[in-house]
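Okay, so here's the structure we're looking at.
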Amino acid sequence: MSLNTFGHLFRVTTWGESHGPAIGCTVDGCPPGVVLDEGAIQPWLDRRRPGQSKFTTQRQEPDQVRILSGVFEGVTTGTPIQLMIENTDQRSKDYGEIARQFRPGHADVTYHLKYGVRDHRGGGRSSARETASRVAAGGVARAVLAALVPGLKITGYMVQMGTKTIDRARFDSDEAERNPFWCPDPAMVGEWAAYLDGLRLSHNSVGAVVEVVATGVPPGLGAPLYGKLDSDLAAAMMSINAVKGVEIGEGMAAAALTGVENADEMEMGPDGLRYLSNHAGGILGGISTGQPVVCRFAVKPTSSILTPRRSVDTLGHAVEVVTKGRHDPCVGIRAVPVGEAMMACVLLDHILLDRGQTGGIRGTIG
Amino acid sequence: MSLNTFGHLFRVTTWGESHGPAIGCTVDGCPPGVVLDEGAIQPWLDRRRPGQSKFTTQRQEPDQVRILSGVFEGVTTGTPIQLMIENTDQRSKDYGEIARQFRPGHADVTYHLKYGVRDHRGGGRSSARETASRVAAGGVARAVLAALVPGLKITGYMVQMGTKTIDRARFDSDEAERNPFWCPDPAMVGEWAAYLDGLRLSHNSVGAVVEVVATGVPPGLGAPLYGKLDSDLAAAMMSINAVKGVEIGEGMAAAALTGVENADEMEMGPDGLRYLSNHAGGILGGISTGQPVVCRFAVKPTSSILTPRRSVDTLGHAVEVVTKGRHDPCVGIRAVPVGEAMMACVLLDHILLDRGQTGGIRGTIG
Amino acid sequence: MSLNTFGHLFRVTTWGESHGPAIGCTVDGCPPGVVLDEGAIQPWLDRRRPGQSKFTTQRQEPDQVRILSGVFEGVTTGTPIQLMIENTDQRSKDYGEIARQFRPGHADVTYHLKYGVRDHRGGGRSSARETASRVAAGGVARAVLAALVPGLKITGYMVQMGTKTIDRARFDSDEAERNPFWCPDPAMVGEWAAYLDGLRLSHNSVGAVVEVVATGVPPGLGAPLYGKLDSDLAAAMMSINAVKGVEIGEGMAAAALTGVENADEMEMGPDGLRYLSNHAGGILGGISTGQPVVCRFAVKPTSSILTPRRSVDTLGHAVEVVTKGRHDPCVGIRAVPVGEAMMACVLLDHILLDRGQTGGIRGTIG
Amino acid sequence: MSLNTFGHLFRVTTWGESHGPAIGCTVDGCPPGVVLDEGAIQPWLDRRRPGQSKFTTQRQEPDQVRILSGVFEGVTTGTPIQLMIENTDQRSKDYGEIARQFRPGHADVTYHLKYGVRDHRGGGRSSARETASRVAAGGVARAVLAALVPGLKITGYMVQMGTKTIDRARFDSDEAERNPFWCPDPAMVGEWAAYLDGLRLSHNSVGAVVEVVATGVPPGLGAPLYGKLDSDLAAAMMSINAVKGVEIGEGMAAAALTGVENADEMEMGPDGLRYLSNHAGGILGGISTGQPVVCRFAVKPTSSILTPRRSVDTLGHAVEVVTKGRHDPCVGIRAVPVGEAMMACVLLDHILLDRGQTGGIRGTIG
């Protein structure tokens, strides 16, 4: 990770501000010969697109992606793929006071302190709008993964909104695609809707936990000790706006387990090695085991709220900040497709890294 | 992060296996003119050293560090600093069966699958022994930090062992330096001792949560969007052996907060900007706020235990693995100095990165 | 350098093909607070622009650069600067046969062999058109350099066209700005014009040597041993299309010198240390001396010529390749602004790197 | 390239000073399962070892390499390989005056200016002694290349010493292995010996040109536009002490060629594509063609000579520098094995990079 680039071999550099003319990213190191066009990327952007329900920001952005380079006659050429998304619904005048005030819990103040200057319009570079670029890059990664590892599948959903956690006994991944919260617990959908409505109408917002699972991941991805698959996932997820915690497998709960409980026992099955549990979340020693890779991350509540909060302005005057404009009451909702995209990029990057170093040769058992 | 290197400008590359002749690291990009000798590094290694109580592995390693380059007449020269620690107490024969068996929950199997070959002696590269190199590098980082940012202080301690969590109302950072668990809750020390003794004698192990706090961190460290301070901390902590979750500030608990609760309100104090709370853990938008940087990570229980666990060997035969040898019943204890070292390295790296890009100029308030 | 990115802290990632909708680059790590707009970049692009004399390709491209991000209210914000240049005069049908044939001495064949697919239109990614992105990035670097090191000046010119070398006794840097060849030898301008006309009309092309000099470079830029200033300059210049050799100071001629001749003797002058000669080209041990940094590179003749050359097509059939279309008879001419841009980017990158590591502190003499 | 590390996937980090206890390097990213021991590396170090004839420094260093990690039971494990070479013949007192004086043409002054402190003993980090680490790393690269690309062969030799250039009509690669100059022209050996003796006895030194050729290089290595094979070779060779120019194929002479002359025509041979000439030096568009990769570099004369040269000391006093101690009258001689090692490392790195991105799939012709 290097300022605005992530990835080792499959490298994504994003650029753009919320209210500039456009945002986008350069995807470098993409394998050649992969079928790709805008139509393969757009559906992922549509999943993340704002304004699709009352539970997300009402900003209307078509989020139409254009491929400006790196694809020729429908296939990738191995050269950098430039993806651009124009900003169309900026309404910068909504943000006038933000130019001089610092929203509590927001990056306003740290950008100001670090750079001495900031594009305050809509949060500028710190806006969640940047995540559209990640989702576009993830669309490219998914197209490559589909070609290289056909059985690999990535699924994201929300497992907690505020204080309300799903019941995993009712887990239904199809359900997650049917409601505006990516909620896999059918019984929780209505509860979340009412809860979020209440928060929204009381000028508040709330956090969430997102889980992203990748199945069909080959063993052997990742490398000791600073190129670990889980290190890169942690960095990738923590780089998403508003994320404050990242877990692999049992995550923070691993602290409460004993070694006897935590051991993922192994046996030989008809298709080779199999594990009797997956506390590890598919990663041991930084390297994938072949089990599902399970990653969770917590998204803090949106800091842009209508409830007044005490703060200061650039002149050091005390102010009460009330953030008008169009904001997500639970930005964790739209983080689901973003987390999926980061998972896709990190996995593909490690597939390329691994075949670079090892040639894809695997140790055998039995 | 790139396989065995971490850091952007202050770059640490570690090498070495648990039972090879030595381990060590190269610290590249260190500022010149900083007073440094082995005496400045050794105390940090002594904090991490095994065999100091019955609660850590009984392996006896003096962990004497030697500086082989990059220091001349007691000051750093700006060229790479090579730090070497000889292994002296290997006893490789303790590990005979491990050569062919895979410990459940251990990196044995993933190294085998990825590389087809592994140095099984004492866990080889995946051994917690590697963390001594990190601590040595952290000692260099601390010496530089002391010169560049005299007020900066890094403190680590354990806040949870297994199911037993400290009571923060009794928090006493001095206490953490007095007991073998880095436990800052005087009332919990005895309880942890009895708990861990019980686990150890029943051939079991247990996880832990470690918290590392840095105070006196200047605002403005970190950068959007993939060079975020919290992204780099997440990667650094997740790269420590056995870590399964990383949190900044409220961490996973941020999900349950509302925007009203989570806002760290601001006002002008006699020394300039001050915050009324620190839910953010000192980082907003990936950039330090000037408040304490608070990072927590969960360490899973040691997978090397005497209780038999089901597994397979390299031939695919079912085996019951019983790991003899000398292991930490709660490896989280020794992770405390390691977490401190990673914090030191990441903060210094970002101080150098920041003054590279901005020249250290800060935006003003008031 | 990493596929399509160069630079350590001031990082430039270019993208785009000759006949795609646009080309451009992302400039990451730019210091904040620097005055910048399109007007500061455009003049550098205009220097490189094709179609300005009969001695360069007749392709008509306005090369209008747009800043899409990273600049707000006329100053850089420290976030990524996206620069885009639309392609307007593609005429792809000129290149029909090139889709299946490989021009001798051109990257056609290696792109095909490596990727199995290539955007053949106008050379695609291997076209000299990509260098417009470098020049745009160089414009940003120049704006930053002007702010950070006001006395620093970068000047490029041609010292050799084909077999005809300038006479340094007649060196006149103002002259270089007045003729279409960046020729600093007034007596050579007419000779080069006639020579190149002859080559052009005989369906041939020719190579050149370009020299780029930076004066006012502070001492202390660069670092042993793989971040040397000269290593990075060598990589940067060699990355320009068609470059086959790079020299610093005496360059290849250093081989013929003795140690007595080559020693740049030193004395104290009124302004401190001064050197009595500059065989080193301003770099010793990979670090700038404070003298002018002198870099030369050889550009091979354009491989796209009207004279038939033996080759094969993708089916392995023997063909005679005749390259129609609009090509530079001496592509070295347009490489002058490109070399200047690379010098600007590399120097700025090392200024940032140096102040990152050392804080800009310098050893003193006297 | 990043301060003391080079390579993308096969990454080498060197450390150590001329008169410290040891020098060495960490080789990271090495493929696993490759047969390797000290015996495979030592012969390459023996080629570079000083004190083998009167034409190189009389310092006596056995240059015994030790593998401290990354190899287990005779094969590489995929984890970092630490190579250490102890310094045994330092004689630091020879260098007393050098502590305060700056040798003209030497890195003494730039290290002092940049860092304010330097290890002056034997040149410290800027000593040619560092190249032993490169040769050791090159030995690892050669072992891997032998396993992955058995037909690949790397050969270095000197083509020019001072003003005396070999006659390529008499080229005999076996001869290069038989004389102390790696001179492939039998008729030139005696002439060089007399010439260098004369220079040495008159307290002088001289430059050289080294050529390194790799045959059996697969097509498709390298990548546009900043990860070009020739860019990386240029950086690698320019990073060798005292190198001032780097050429690929025709190199600087390409400037004098016409497009008709320079075109490497192609035809189909019995084994597929073949080229009728190799002006390109095996690289087009930054990507290998399958022809021999030809790289040359110029080494300046040793700056440490017995002839007095004017300079200053750290106090700014004028001094006449006379460098006693043991120095190479033509350091280019010992640069031959170093150039070979850099070629080996760069080629292997690009083989890994290429199979990472493309999976090693090649476009076909015919």
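Note that the chains take the letters A, B, C and D in the order they are written out, and that residue 1 is the start of every chain.
Just so we're on the same page, a contact is a pair of C-beta atoms (placed from the backbone, for glycine too) under 8 Å apart; a residue touches a chain by one contact, two chains touch by 3 or more.
Keep in mind that what you see is a predicted model, and the values were worked out from it rather than measured.
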Minimum number of chain-to-chain touching steps separating chain B from chain D: 1
Chain of greatest Cα-centre distance to chain C: B
Which of A-B and B-C has more C-beta contact pairs: A-B
Intercentroid distance (Cα basis), chain C paired with chain B, Å: 45
Whole-Å gap separating chain A and chain B, where each centre is the average of the chain's CA atoms: 26
Residues of chain A touching at least two other chains: 2-5, 14, 29, 32-33, 78-79, 114-117, 125, 223-224, 358, 361
Residues of chain C defined as touching chain B within the complex: 9, 29-33, 78-79, 148, 223-224, 352-353, 355-361
Residue ranges of chain A touching chain B (in the complex, touch as defined): 1-6, 8, 14, 102-107, 109-117, 125-126, 130, 160-163, 199, 204-209, 219-228, 230-239, 241, 243-268, 272-273, 276, 279-281, 283-290, 296, 298-305, 307, 309-312, 314-316, 318, 332, 354, 358, 361-366
Chain A-touching residues of chain C, taken from the complex the two chains share: 2-5, 11, 13-17, 20-24, 26, 28-29, 32-33, 66, 68-70, 72-73, 75-82, 111, 114-119, 124-125
